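These are the structures in question, set out in turn.
One chain, chain A, appears in both complexes that follow, with chain B as partner in the first and chain C in the second.
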Partner chain A sequence: MTLSLSDPTWYPIASSEDLPFRHVYQGQLLGRELAVWRADDGNVNVWENRCLHRGVRLSIGINEGGELKCQYHGWRYANRSAGCTYIPAHPADAPARRIQNRTYPVREAYGLIWSAANDQQAFRPFAGAEGHDWFALRPVPVNAAPEDVLAALGGLAPDDQPADLLPGLAVRFGGIYYFVQPVDAGRAVIRGLLREQPVDAVATLRHYNELLSKLRDRLERSAARKPAPEPLQPAYDKVSADLATMPDIAIPKGNTITVMVKRKWVSADGVIGFELAGRDGHLPTFQPGAHIDLHLPNGMTRQYSITNGPGELMSYIIGVKQESASKGGSKVLVETVREGDLLSISEPRNNFPLRRDAIRTVLIAGGIGITPLLSMARFLDKSALPYELHYFTRAGETVAFRSELEALHGKVIFHTGLPRAEIGTAIATALGQWSMAQHVYVCGPGPMLETVRDTAAAQGWPDESIHFEYFKNDKIIDNSSAFDVELARSAMTLHVPSGKSIMEVMREAGLTVPSSCEQGACGTCLTTVIEGEVDHQDVYLNDSEKRANSCMMTCVSRAKSARLVLDI
Partner chain B sequence: MTTIDPTTRDLWQVIAATDEVPVGMVETTVLLDVRLALTRDTSGNPVVWRRTNEEQDDEIDPETVLDRLPVITGYGYVWTSLGNPPRELFPIPEYAEADRKNMSCGSIGLAVSAPRAVENFLDMGHFPYVHTDILGAEPHTEVKEYDVEVSEERDEVLATRCKFIQPRAAKSATEAMEVEYVYRVPHPFCSVLYKSCPEDESRRDVIAIFLQPMTEERCRAHLLQSMIDSESTITDLRRFQQTIFGQDKPILENQYPKRLPLDPRAETPIRADKSAIAYRRWLSQKGITYGVIPMAS
Partner chain C sequence: MAITLYDFELSGNCYKLRLLMGILKLRYDIVPVDFYPGRQHKADWFLRLNPFGQLPVLQDGDLTLSDSGAILTYLAKKYDETGLWFPDDPAITAEVLRWHAVADDITSTASAARLALGFFYDFDVEKAQRGAHRIFRLMDEHLWFGEREGRDWLCSPAHPTTADIACFPYVMLSEEGGISRQDYPALRRWTDRVRRIPAFTVMSGVFPAGRAVEEA
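== the complex of A and B ==
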């Protein structure tokens, strides 16, 4: 038998004991190096042992419990998806592109961690695996070909009890199973399992250690006499073409994902919590502050912030405010969507990026505005970074996600039912005087946003340190210009007169144009620009995206040039 | 079997600090997979040849060495070549200024290819993480926009307007300051860095790294400092650079693969990597294959 790089067999690559919390273990399988680590939620990750940035081993990285941080430039990768969540060299907007490390399948069972070179085979327990309380022996690495190691292990069986060869380089006799982990063509690790917990664990471990060390010496002596086998040469996947080039921006394409409403509950008076679970496996990586577009049964789209903490990707939890006045939107969600229903969501998008290199972070939430800030607080909390969260609720309103907030170790301060005048003072005190590398993030009703911005500015906070997200565009749209739009794919040229939006003109010409907020806030009508200079008036794109002039919103954007060519 | 590309073969390559080569005694080293021996003659001039049966510290009469490799000295180091080197070494004019403290700061072995080490030298993004509280610190992790050009006329990569906030940029610095850097890569395995000098605002300190490619996956880093610093002793200045280097070493040795991949799709670049991208492209255009993983054609 010769080893193959693409062998889909599951092999043990570590013992459960090798993976204490906040540690990264270096595993090896079929010529590859693996970074193996356990997140705080118990999930075990098996990744290619290379940071996608400069190839530094992730096994020297820092396991923060929900994310793994590379030691070279501080890139962070999320539990489960291995998606990059933060690039400190460009903290404001990175990562604009979807960067994901290579992952391998994993299973923890019988005191061992199992993995395979690819996903082609489902994990199956070895024959006779069930119903025992397995005890794992100390692993013994051997510099010899895996098949030779297997043969030698078979030779340990007593004469009257011949060894049973099992699939996947394993052998069994009596109550002991040996698995050979094929590290490379000329290297292996012996991993033994006993069917029962021994009476004296230490003595048992010592006994098998001695036995296997002798076996190893014998194997290594005979391996040294043979020509060394050619090591396996794993190939590294190339990064995708759009990751290799460096566009200023990349706007995620609007892929939708189907999720199931796993739980719906009243989180506070007037706030309904929804837990949206992926149908198979985990959901995409998101950054703290990110939101999803939720497609509602009535055809509308609404944005909701993800409240989860780092690496929590099995479901997204959102909070929806039950507004009696709202005509549609959240009302549909609150009244008609039930547990078990399927909904479609966009991939997470982040207009509200959190810097994780601040000396002090102040989070200010008003009412339902707690949702993105809860996520931010959880990320800061996991990284043990200093922050304060001020949560303002009106009298009569109750605090949403209270137990989640109370589980945090940072400073969470509830301001309940303060009269208007006192809110201002509370904000001023919360902010304090600005000093270097302090940042404030605010989410809440419009007037509160304004108060925070004005107060912060008055207390010396520079613009770059004040962060907020619009779900509404409050700017006055200037629609006085007139110009032509050429629709490249529809082979159509339309004139847009002053007073009418591009979207309106396109609809009049019989085109169906998707939209939601129609005020340049939600991104539903995002369109690629081929030629011409755009007059952006939305609050969806960030400044560098606007400068790039490669896309725009047809609901509010206009042209500075006489003509625009759109990819429609 | 490793082959040496013609560009690399014809370059001057650093092999030792001149002062450290003993007179009349053999010193051994490896360059481009070739075992070398060197010594200095009675007038102090280095002599380099392909090593046969000489051992380290053997006594030798340099006059008896006939089959010599080309030799040049410059910036405190001995350089040799396995091919036909140019007449001169690349220029570092500051080295000749009278009031500078010029010093070699030691030679450190690294289990990584020379181009990987050059790229690390060019890279500001790692300062806060690898050189915490010396060359960088959180919260200053941001790499601001800077300019990079490949100068055809001087045949070098040049990165300018590089700015970074550093808690302690040099031995003589006492508080955090924004430092401005200029990086030059005038040789595929050498880089020169100019940084604002804490002592004299109008001038710049020079730090250069010369890498000796021993094998495709191993090199030695030779450091040069040319400083305007009236206070620190040479020992202090050396120790400072060695601390910095000691911090880079474990990271570099955990880079995988050890040779520098030139295919732009091998690793994920970001905006901060502009100079690294230009460097990789420049190596590729020059036809360098030693210590790199060339682009699949």
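== the complex of A and C ==
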């Protein structure tokens, strides 16, 4: 028998006990090295043992419970999806979308972790697997060809009880099963299972360990006399070029995902929690601060932040404010959407990237603005990075996601029902004077954002250290101007009359233009400006970005000059 | 009285002492010795401190000491008020010294392979690697059964001892000598535990471990 790199058979690659929480196990199957780790939610990940960045082994990485962090350069990969969530030194502190490490199928059963070189075959229990309380022996690695190991194990069977060869390099006699894990052409691990729990576990383990160690010594002595087999040569996929390049901020609308409302509950007075679960398997990786567009039954689209912590990809949890007066999206969601309903969401996108290289991080939330900051706090928490979370709620309003907040280990400060004047002082104290590598993130009602921006600026915080996200542009858009836009790449000049946005004009001319909020809040339609003076009316860009005059939102921004040249 | 360590940053044997002194919160001065490429450990001034021509050397006031295992014992007995790092019990003393001897075996195999590959020493690399694998196999078995019997460390007390510190560095640096630890999962888990000892410090080539799940 020769081993094949593409053999789809499921083999055991570890014992359950090999994977205590916050450890990364180093395994190998058919020549491929594996990083195997259990996340805090119990999920076992089997990945190619290689950081996409430089190919450094992930088995020397840090298991942070929801993400695995490469020790050399700090790239992070999420539980379940192996999606990259963080590229240090990246200008936006964010990865390009869909950078994923290679994963392998995994199943935990009978005290062992099973995997396969590909997912062409579904996992099937071995013959006679069901109905027993299996007991795993100490695995014994052997430097000998897997087929020789299998033959030798068969030879252990007593004369009156011949060994039964099973598919997948396994052999059985009496109540004992041996599986040979084909590590490589000349290496294997013997993994034994007993059908019952023994009376004296340690004595039994020692007995079999001695037996198998002797077998191993014999096998290795005879392997040393033979020529060593050529090791298998797994090919690694080339790392794609977009790893090195900047991700596009403008993400075309398009791919939607169907999710089921798994749970709907009252998280606080006026705040409804929704748990949206993927229909099969996990949802895409997201970064802290990311949001999804939710397509509502009435045709509207609304953005909601994902509150989950790192690597929690089985469902997204969002919080929706129930505004009695609102006729908008939230009302439909709160009143008509029920548990069990199906909804469409976009892939998560992030306009609110969290820096993980800060010395001090201050998170300030007002009311429902807690949602993106809860996610950020959870990421910082899992990575043991210092942060302070200040959560302002009005008198009468209750605290949403309280138990989730109380489960955090960092500093969480609730400010409830403060009078307006005191909110200002509380914010000033929370911020303190700025110094190197301090960052503040704010999400809340417009006036609160303004207070934080003004206070921070007054206390020496530079623009780059103040991060905020608007879901709504409260400003009145002045669309009275008229001007020409020259679309450099499309070789087209269009006239934008008063009363129409650049985006509308471009669409009328037959161009596909990505957008989401269409009110200058989300950044989806961000466009590079080549020439001309922009009349920014969005709330997405900060003042210095606006002054730079190098990009704009085509949904609300206009021109102060007679002509704008855009990189479209 | 001042403690002075004659130190080479990349030496695992010197690191053992930095590690224990860090854990015991001792203050000490460092005199860097250019072991490679300068070979200062064979210079006259150094041979006067330690005629064996080996790092590390530690001076504590008038006392000059050499051999990392001996110095670990000295530091623990003199400065560890808890008495945990080198317990007084005769049977445990024997156990700890047994593993100090294993630490020396690891030095003569895993460290030798690393010196050959990384520092161009003229050693038999394959022989050194084979020797290291033989020791790692035994350690893995010892630690694996330890976990089954409720023992997390090399010796029987429910806390680490100088034996763990003595064996740790060259196990951790073994990859630099071309010795993979893939076949020793229990040994790899033990290195996680050592790296989670409060006040643990790193050296180049030795990374910190993540937090354990219960802490924080």
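Heads up, the rule we're going with is that the second predicted complex is superposed on the first by the 463 of 568 C-alpha atoms of A that agree within 3 Å, B and C clash if a C-alpha of one lies under 4 Å from a C-alpha of the other, contacts with A are read in each partner's own complex, and residues count from 1 in each chain.
To be clear about the criterion, a contact is a pair of C-beta atoms (placed from the backbone, for glycine too) under 8 Å apart; a residue touches a chain by one contact, two chains touch by 3 or more.
Quick caveat: nothing in here was measured; it's all calculated off a predicted structure.
By the touch criterion stated above, A:H409 is placed in contact with chain C alone, chain B being left untouched. Of the two partner chains placed by superposition, A:W434 touches none, neither chain B nor chain C. Touch criterion not met for A:Y178: it reaches neither chain B nor chain C. Applying the stated contact rule after C-alpha superposition, one finds that A:F126 touches neither chain B nor chain C. When the two complexes are overlaid on their common chain A, residue A:W47 makes contact with neither chain B nor chain C. Of the two partner chains placed by the overlay, only chain B lies in contact with A:Y236; chain C stays clear of it.
In the superposition on chain A, contact is made by A:P88 with chain B only, not with chain C. Contacts of A:H73 after superposition: chain B is touched, whereas chain C is not reached. Legend: residue contacts after superposition of the two complexes on their common chain; A:W10 is shown touching neither chain B nor chain C. On chain A, the surface patch touched by chain B in one complex and by chain C in the other comprises residues 33, 60, 71. Of all residues in chain A, only 14, 17-18, 20-23, 25-28, 33, 40, 60, 62-65, 69, 71, 138-139, 141, 189, 201-202, 205-206, 209, 213, 384, 409 touch chain C in the complex they form. Remark: chain C residues 141, 144-145, 147-149, 181-183, 185, 188-189, 192, 207-213, 216 touch chain A in the complex.
Listing the residues of chain B that touch chain A in their complex gives 119, 123, 125-126, 128-130, 138-143, 250-251, 254-257, 261, 263-272, 277.
On chain A, the positions that touch chain B within their shared complex are 33, 49-50, 52-57, 60, 71-74, 87-92, 94, 99, 236, 238-241, 243-246, 355, 357-359, 436-437.
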